[in-house]
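Structures follow.
After this come two complexes, each holding chain A, first together with chain B and then together with chain C.
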Partner chain A sequence: MTRIPVRKTYKLWIGGAFVRSESGRSDLVGEVNLPRASRKDVRDAMAAARRASGPWAARTAYNRGQILYRAAEAVESRRAQLTAVLDGGADADAELDAAIDVLVHYAGWTDKLAPVLGGINPVAAPFLSFTLPEPTGVVGVIAPDEPSLLGLVAEVAPALAAGNAVVAILSETRPHAGLDLAEALGVSDLPGGVINLLSGRRRELALALGGHRDLNAIVDASGDHELGTELDRLAAETIKRASHHPGAVSYEQATDDALERLTAVTELKTAWHPVGA
Partner chain B sequence: MSRRLAHVDRVGIEERAAALGARSIKTTAKQQGIRLAVSMLDLTTLEGADTAGKVRQLCAKAVCPAPTMPEIPSVAAICVYSAMVAVARAALAGTGVATASVATGFPAGQVSLEAKLRDTEDAVAAGAEEIDMVISREAFLAGDDARVMREIERIKEACGDAHLKVILETAELGSYEHVRHASMLAMEAGADFIKTSTGKASAGATPGVCLVMLEAIRDHAWRTGRIVGFKAAGGVSTSKAALHRLVLVKETLGDEWLTPERLRIGASSVLNDLLMQYAKTQDGRYGRGEDFSIE
Partner chain C sequence: MTVEPRQSTVWNYAPAPEATDHLRLRDRYGLFIDGAFREPAEGRHEPTINPATEEPIAEIAWAGPADVARALEVARSAQPRWAALPDRERGKYLFRIARLIQERARELAVCETLDGGKPLRESRDVDVPLAAAHFFHYAGWADKLRYGVAAREVAPLGVVAQIVPWNFPLLMAAWKLAPALACGNTAILKPAETTPLTALLLAEICQEAELPPGVVAILPGDGQVGATLVRSPGLDKVAFTGSTAVGRDIQGALAGRGVELTLELGGKSANIVFEDAALDQAVEGIVNGIFFNQGHVCCAGSRLLVQESVMDEVIAKLWARMARLRVGDPLDKNTDVGAINSAEQLARIEALVAAGEAEGAVRRSLACDLPEHGYWFPPTLFTDVAPAHRIAVEEIFGPVVSVLSFRTQAEAIQKANNSRYGLAAGIWTDKGAKAFEVASALRAGVVWQNTYNHFDPTAAFGGYKESGFGREGGPAGLRPYLRVVRSP
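Moving on to the complex of A and B:
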């Protein structure tokens, strides 16, 4: 008896649930169906991220580190599937190694961020002045096309480690690994909505995300200069932080400037406390 | 005691209520709907932590919900506990926004009739123009319709000129048949408005419950010619939900019910969502919660 093969249908990952695009759109690429998210999906993801961001930021840094480490474990256990999606080969293996190591690296950062960025400031007056890092809130990520998995993880991991919730727009041409990553993270301990992954037309989704006033920062690794300029304009109009850099192609590139990546999605709060003259 | 109830088609009601919620309301129709919904709001604060300062702050917001969008009207009324009526009345003097008070042992209503009457008289004496009473669910569930009606009649007398809204607390009544029956009892006993919920129960103004009550109002009006208003309260926390309730009313009772004299929406958090959605229709950008004051 001949068997009819079951085609893989990927889903968007919004609010901890695997959903089809609200618009019902999808693209058949090769043998798999890829969801094509709409602007409404971006708004739904924004709302889910906003709901999740408070509780995520309120967890202890230690706990966030544990959860990110567990996410690395989940990705490791899905190695076979992910390398296959990345077209197999030695390159795919190396990219997966790097992506997992980047998650572990930033898992280690969660409880070091406060001592590194914050502390007690010496001031020339009888006050206690201290600085605390706080997450920026909800961070939008525009992932690069290449490398599709490592490039995504290198942007998402610092934002999560700093206590932000994330809405990420996957590569338009190579979203497979990102969508597969969602299925790995879906069985990790990451609370629903802390990270949301959308595939579709990058420009359409990125502009909807960049123009949403509830988004607090946008990290653009698309390498698309024209899009970057438009995102800067939207960021200025809606008062959010914007940063641009090329997608990381190695573990070193994703972690050498870790502090820079972390501070791009962290706010510093400084308090002055009168301790008596 | 037992009673015979008219049958209500549960599946039919829920299907119709859901279908009316699927309507797409965009651009200028959405703006109009939002302005209409704001003008029908009973902006409510019913917390143990209510203070005179909080009530005054809420009154200022009720009069002018969005200073940057002057076309947004004032809300219909402020709804507070009877102890805060005097504060609200003073803050709202001359603004056209009414002062409403919950009374009669809100929200459970498990006090004596004397206490309920006294509560009502206090609120009216302090200046309340509208009274939101709760029916005695204890009597209703025991099948004592006569006591339910007698209480409403006595409280209506105690209200004097104040409008009486009768809260059925539908989540505690059991079925749509009972909701319809309680609606009829309240209207027969002299209610000026019937209201779904206290906002303190597990469920509130679900689309199905709203539709059952609206049909009861329609049937009552056909039979007796008496106009009774409707107030949806509890669980209406988004613009979409508010517009859905407006559609239900329009399609069941018609345009003449789309006025604050006959329709109210009791809520607190929905106002900011309405303002946020309205701002979006103007500048095309989806907003953030901190754009609008909490009170």
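Moving on to the complex of A and C:
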């Protein structure tokens, strides 16, 4: 008797749980049904991200670095699965290589950011004054359509490395690999809610995310100028940090401007402590 | 409202006014474009007023759209030459400006006080020396830029528009211009409507320093000039310090244009007094935190959080200390609290204070003999303030402190962070470990322990959340004025 294969139901990843869209909507993409997230799913993801952001930021940089490295390990061990959903072939293989290496690159940034961006300020007064980077909080990511996995990883890895929680809107045309990535991240000791992945109609979700008043920063790699302009306008309502760049198509593009990617989702805090007296 | 008479123990000081006869003010100031003072295209001039007397000081040219366009054109054409100067030579111009500010310090301080109403003691001891220090600091960066941003190669952004507020007119101009010029940008500075004078003196200083024409333009005027400027084509960056409302307008106006932006906006900063603090020292810090510059300070400690166990003692000490504040002639060297910057700002303070009383908070204002003319508001203390009261939420930007209580450290942190702003905070405690723990939990860009309102050109300054983004000061202040050149 032929064995009946067990098919996978694709789900959103919110708050560390695989969930269907609360709207019950899904889209048939290729041969599988993919959840079409709603604005309410965006709000749920935002709430989960906010709950997770403080404890994630409070982890030691070493711990966050190990968890991101663990994520790279988990993706490497699933490369056959991920390569297959990226349509196999040499391009998919190269994309996997780059995505994994990008995760490793940013895993190493967690404990470098403070010495590179911060330091002691030699103030002309009797104080120990120092400036240190801190995560901005919750970062919204709009991933490009292509490359669907590397383009996503290149945006979320810096945000996570800097200590933020993330709500990401996946590639609209090929969200499969992004949803599969949740399975790797889910076994990497990333606390639930630190990263939330939503598939669906980009415009609908991006505007709900960009207009959310509890969001601190928006990183837009959609390559859609009109959408980017609308996101800028929404950002202005609560003075969100907004940055735009084309989706990365190589390891170099995802890492050459690492410091800009990291500073776009980072605050600097200057503390003054008295010396003497 | 309780108005208490001045206590009899207050010392009477003889007036000690700073002389003004050394000033060389002109009757009229033009727009500073292409290295010279020029008549505005539409010919409009407006008086700038001394807020302590309501008397005009000088006639100031206001820029119109044609002047903005002209300044942008000049800045654009001057920028490549300015950026092409050897870095160390560019730096030398900034060193010159720093020195000239020091040489003209007395004149600048008096002008700042005349034009803005702040006590001379502050103009002389804070604004002007810090402005010089800022130029000196960034002058030294000009030939070390790539060390400042950990990049292989960097390039200036191009032409930058800079809009500064009226509370620290010269100092904010220095914060804006020094890093922009050090990085090889050319700049168009729009001083505030009510305080253009020291920016125009700085234009004279640029001439004395023989700064190449076109590197700096100074365009006085009202908010309309700023709005025109940021909506003009041909800009690479906007840097703005001012209210969150205007910051929001600018960020919206730049949507989709790819123009870089930094915003330094409002605040409702928490000043937290723990029961283990040295209370007399804390009271001095509270006074400095909220009454410095009449409370016209974006990072003013306007929300005072006091641990319940010491609340009565702190309020008693604070009120006794407030009774000794000297309010009046800003030119008097003994004055602690000067004039409110403008009639408009006075009306805003009065409206929020009225809202505080209407919402049920208890108001105490100092009874003081205020001059007949000018804009004045007595130092004011609100107790019984609830976190939802407007005076606990909205920026008053005046000499008004709202006091709230807390029981535990966790509650203090929660209350301090319960704001859409996140510019600054103060912590008063004698326990070092507690201070570091609280400082790291506060969502604010600057945290002062056992001090308040301390600034330094080497120390980054700027806000979290709706207090803006980007930093000024130190290497962090270079990044907003540079782009990183990618490896090919």
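Following the convention adopted for this analysis, the second predicted complex is superposed on the first by the 267 of 277 C-alpha atoms of A that agree within 3 Å, B and C clash if a C-alpha of one lies under 4 Å from a C-alpha of the other, contacts with A are read in each partner's own complex, and residues count from 1 in each chain.
We take it that contacts are C-beta pairs under 8 Å (C-beta built on N, C-alpha and C of every residue); 3 or more make two chains touch, one makes a residue touch a chain.
Since this is a predicted model, take the numbers as computed values, not measurements.
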For A:238 in the superposed arrangement: first (chain B), second (chain C), both or neither?
both
For A:260, decide between first (touching chain B), second (touching chain C), both and neither.
second
What's your read, chain B or chain C touching more residues of chain A?
C
Is A:183 in contact with chain B, with chain C, with both, or with neither (first, second, both, neither)?
neither
Touching partner for A:121 - first (chain B), second (chain C), both, neither:
second
Contact-wise, after the overlay, does A:93 reach chain B, chain C, both or neither (first, second, both, neither)?
neither
Touching A:270 in the superposition: chain B (first), chain C (second), both, neither?
second
Which parts of chain A are in contact with chain B and also with chain C?
237-238
Can you check the complex and tell me which residues of chain B touch chain A?
284-289, 291
Footprint of chain A on chain C - complex, ascending
133, 149-151, 244, 247-249, 251-252, 254-256, 258, 263, 265, 420, 432, 435-436, 439, 444-451, 454, 456, 458-462, 464-469, 471, 473-476, 479, 484, 486-487
As the complex stands, chain A meets chain C at residues 116-117, 119, 121-125, 127, 129, 131, 136, 216, 225-226, 228-230, 232-233, 235-239, 241, 244, 256-257, 259-260, 263, 267-274
How about chain A: which of its residues touch chain B in the complex?
43, 46, 50, 211-214, 237-238
